[in-house]
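Labels A, B, C and D are assigned to the chains in the order they are written; within every chain, residues are numbered from 1.
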Amino acid sequence: MTLQLGVIGTGAIGRDHIHRITNKLSGAKIVAVTDVNSEQAHAVVKAENINAKVYKTGHDVINASDVDAILVTSWGPSHEEFVLASIAAGKPVFCEKPLATTAAACKRIVDAEIAHGKQLVQVGFMRRYDQGYRALKKVIDNGQIGEALMVHCAHRNPSVDSTYTGDMALTDSFVHEIDVLRWLLNDDYISAQVILPRRTRLADKNLQDPHFVLLETKQGIRIDAEIFVTCKYGYDIQCQVVGETGTANLPEPLSVLMRSEAKLSTEILTDWKKRFLSSYDSELQEWIDSTIKGEMHGPSAWDGYFASVTADACVAAKHSGNIIPITMPERPAFYARK
Amino acid sequence: MTLQLGVIGTGAIGRDHIHRITNKLSGAKIVAVTDVNSEQAHAVVKAENINAKVYKTGHDVINASDVDAILVTSWGPSHEEFVLASIAAGKPVFCEKPLATTAAACKRIVDAEIAHGKQLVQVGFMRRYDQGYRALKKVIDNGQIGEALMVHCAHRNPSVDSTYTGDMALTDSFVHEIDVLRWLLNDDYISAQVILPRRTRLADKNLQDPHFVLLETKQGIRIDAEIFVTCKYGYDIQCQVVGETGTANLPEPLSVLMRSEAKLSTEILTDWKKRFLSSYDSELQEWIDSTIKGEMHGPSAWDGYFASVTADACVAAKHSGNIIPITMPERPAFYARK
Amino acid sequence: MTLQLGVIGTGAIGRDHIHRITNKLSGAKIVAVTDVNSEQAHAVVKAENINAKVYKTGHDVINASDVDAILVTSWGPSHEEFVLASIAAGKPVFCEKPLATTAAACKRIVDAEIAHGKQLVQVGFMRRYDQGYRALKKVIDNGQIGEALMVHCAHRNPSVDSTYTGDMALTDSFVHEIDVLRWLLNDDYISAQVILPRRTRLADKNLQDPHFVLLETKQGIRIDAEIFVTCKYGYDIQCQVVGETGTANLPEPLSVLMRSEAKLSTEILTDWKKRFLSSYDSELQEWIDSTIKGEMHGPSAWDGYFASVTADACVAAKHSGNIIPITMPERPAFYARK
Amino acid sequence: MTLQLGVIGTGAIGRDHIHRITNKLSGAKIVAVTDVNSEQAHAVVKAENINAKVYKTGHDVINASDVDAILVTSWGPSHEEFVLASIAAGKPVFCEKPLATTAAACKRIVDAEIAHGKQLVQVGFMRRYDQGYRALKKVIDNGQIGEALMVHCAHRNPSVDSTYTGDMALTDSFVHEIDVLRWLLNDDYISAQVILPRRTRLADKNLQDPHFVLLETKQGIRIDAEIFVTCKYGYDIQCQVVGETGTANLPEPLSVLMRSEAKLSTEILTDWKKRFLSSYDSELQEWIDSTIKGEMHGPSAWDGYFASVTADACVAAKHSGNIIPITMPERPAFYARK
């Protein structure tokens, strides 16, 4: 069978997904699209040379009879509405992060999905599909370093544009670590602390940069993470897990080892889009495959909710200077870890 | 459009290709298969859950009216026959290496294809599709190390089974370097020398191991390559290009960096099948894409022919102890480098 | 001229120093020794084949007319007494760490030295003499990574013996980072926080292991350091400085890169004594050279005092769970940074 | 006891040795010097602040009654004369490489030393004292990679000056590999072949660069070595030994790992003098120590002779294009490997 997809939002990420599903992946095709800018939706359909109908609204896409499942790639504030509508229609929905823009909204989605009685929602945390993180998880799960005790992370961008402000380091950048580390450790967070190190002179005057975040898990694992979005030298994601008998590092991306100009070097990417490129492919291929089987294995609505609550705690920790407890309801059996 | 494929040979590699085309790649489907063991062909169709007709012979597959293009994955001695028949039928054909088992047979294919007037044949040298080799080629083509002067290679297997005998180190293992280095350097070979180093005591008594091969290119680039198929420690492919201003190494496969048991280490693969796994995906996806467009970009019949002549020269060099010239007709314009 | 040295304490480290000064270094000789175990002092003189007089007490050594300078390598609680006596005698003194066992005692030494009017005391913080730390400092001082913003450290031992108890992770192990990072950053500390991560099951039941320490400097640089003394895999000292334009890591010790048993690896030391072996040579050679010139360039009494106050703050932070301010008097001009 | 040394030749290397013996090493002092430029000899004595008598000739230094041993650091063509005179005087002599400028002259030294009846001559092949080569040798000697089968080397200089001509790549640069690999492998050479790869456009027009040398040992080990003296990027010495169960690489020099300007890099030295700096210290300290004991452990006159014969064979191989046998008399028991 071929899974027939409707896409809500044909901006950058939406168009990327349309392209990869059409040209690189197996088992699905785009039959319906929409965008707040209808003209742009039409242009994408033409440029990608797909046979898809352009609808007026996301709700039209969701309710189209030939649409089996939905991709929500519209802007964040509209996610809640379309995810809830997909659940109401009983159709599987893949929603780009964030699941919703507030923890309360995430909670409403969780509640709706539980009420529906079957998992339908997957959130676009693509790092779980990265070959490197998966290799790292395998090392941990195999017990190759004993039980995990600490995790040291860095999330560095060469620079950010002027729309990157306020607490986005926590809510937009660090949120990827928030999700992937819970998955990596099979654990949940119980507190957050945020330290503000000496500021770089190379960031915008109004931007605190870097941040240093400390998370504590239920099992007592301590995570420290530097988020440094004006680091100049490259887009660099580091993760070292320290276990009882050894440490394991997230692999560096594959690169040619050069000897040139008095340096022995490998390249560091500068464009974040290239860093997790193949993760997007795996993420969507696996989502297509499991959706066809009527299953759901990826980051759930619960994971999206947990990420939102944790990011909120980090923001509160930053502004108060205090250690902030992270309080979540008990994980419902509905979302049991597999 | 969906490319409809016929597969001749449903052994290990044939079945692998059927699986990836069906489940991971886009744009093609298997509609016809055959195998000398008809029962096995039926079993694969069932196991892979594909809707393909099982034919009695390769010629039936080639001539089936719904078959747009052919995959030849039967045993080597049958390649010439099926590739020639595909050309005769005017259908694109992807043939696993070797193109044919003798240089003369390869030449017959080249002649037939030229006579046909349009390139139809691609040979399964998958290393050209490896992300690492491609990154290396980009460094060279960009002039990042100046003109290439030397290439140092190693091709190491942990061990080989009892069917691996005689000159297979040259004709079966090193043949991959033969093809990929011509492509990497945009150059051709003019001579070969083979040195027999001290033998490992860990190989079968009747097996010379390792070999050390020297190739000279038209531009004077010197290639040295160690082929060591009982190296015990892993499957390890090394390639360093030395240019006028620097050197560039084939990237190591992605691996978790560990600190454990008094070692800072990454893993070396031991199973060769895992080393170029994703290259097979890219190789076939690109072949499907270009075939749909009526184009042919991969390793050509000419490349298969050149590999065969070079391997023969290496074997002659090994047995004579001499430097053996590699003589080929002029490259026909038909096979001009793009 | 040859500097004539008296050694107080001929235990492990004392004897090591006697051996290196006699056989590897230039410009000094041992003329006087003492130990609480007089027999052992005689044995060392004999075994090392040196022409040195064995005295009854440290004071006798200090006051011997042919002794130009003193090495204090006795046990910690006796350091204050012998350092003060050396100052009283106006003789240069190299004292192994700790300078004294309490901050108050360190302060008494600082006061005595200032009263004497000339720097005479050097403390045995040998990491400042490590080739790796020196290369790292050069990178920072040259501005190659801009201003330092954060430092990520790890101090790992494979295991500790039963005498290693209580807060020794902070006072005995981490004290090396305390000194070397002040020197590396040309900065001082203003607060300490200590986090207790999930404990390893492989340490003694009564030992908290690991610790995670956070230090803040005057300039706002944030240091995080893992101290993990039962890490099993090796003796491993890590230090990454994050600056405005890049990061710089303490070099790994020189090691043969191996490909063996499915691993690409270098060795990690397991014996801490080997890690800074050549640093001891440089430390003493430079101390001899500068002492002969009547100068003093190494870690000063002030540095010993600062280390003591900082270690005390870490201990207080650990037991309270609070962020503890580190309060020191203004740095006297007498100890101005050079 | 203090070894009293006479130095013949106070040029660059002579002065360096005077400096290190005086200021860094233990157990020796310079009491006599000479140079063809007498003024320069006086200047060095003054600048290095040593209490040494300046003699008119090398023979005067050798025969001075207070001179226990000799350092020959004069220009190559004078080495034979002073080494022979030292043997005649029965005094230990350390001679910078080359031992003599022809194989015949080396043979005369060997004969004279055997006639004298006791080893007195050490040749200045400092790589045997390099920490990296020693670590590599330990790995091989410990059997960590089984028996050695092949060695892959590179000897690269960023550039050479206009005095570097003709076959100096073989006689001046590669001669270091010639000596150190015999020692590393505990083996001798039996043939040489030299291949001339495509030339770099960045070398002087009259200079062949690079060279590619193949050596065969008695045990059948095959060595390949690239000598590339205009490689532009740095001074880089590579050596990989391939054994039956693994490979081992000469360690890279210690360097700070940097993340900067889109590169993860370590520094490659550009100044060859810095590469083996500490090897010179070890070489001379160990020579002093063993000379005081009346022993001789370093590279012998026989080793100097073997290096000369091998270099000659390489030159003949280069100019003839042939594989040239390396013929030496049987190793005399006098020079038995220890």
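Just so we're on the same page, a residue touches a chain if its C-beta (ideal position, glycine included) is under 8 Å from a C-beta of that chain, and two chains touch if they have at least 3 such contacts.
It should be emphasised that the depicted structure is a prediction, and the values quoted were computed from it without experimental measurement.
Asks: Would the interface of subunit B with subunit D count as same or different, where same needs over half of all numbers used to appear in both copies?
Replies: Same, since over half the interface numbering is common to both chains.
Asks: I want to compare two interfaces, A-D and C-D. Which one has more contacting C-beta pairs?
Replies: C-D
Asks: From the C-alpha centres, identify the chain that is farthest from subunit C.
Replies: Most remote chain from subunit C, centroid-wise, comes out as B.
Asks: Whole-Å distance, subunit C centre to subunit D centre, using C-alpha means?
Replies: That gives a centre separation of 38 Å.
Asks: Counting only Cα atoms for the centres, state how far subunit B is from subunit D in Å.
Replies: Roughly 45 Å, centre to centre.
Asks: Cα centroid separation between subunit A and subunit D, in whole Å?
Replies: 58
Asks: If you look at subunit B, which of its residues touch at least two other chains?
Replies: 233, 245-247, 252, 255, 259-261, 266 - these are the residues of subunit B that touch more than one other chain.
Asks: Give the list of subunit A residues in touch with subunit D in this complex.
Replies: 233-234, 236, 252, 255, 259-270
Asks: In the complex formed with subunit C, which residues of subunit A make contact?
Replies: Going through subunit A, the ones touching subunit C are 146-150, 152, 154, 195, 197-202, 210, 212, 214, 217, 219-222, 224, 226, 228, 231-233, 242, 244-247.
Asks: Enumerate the contact residues on subunit B facing subunit A in the complex.
Replies: 22-27, 131-132, 135-136, 139, 144-145, 245-261, 266, 285, 289
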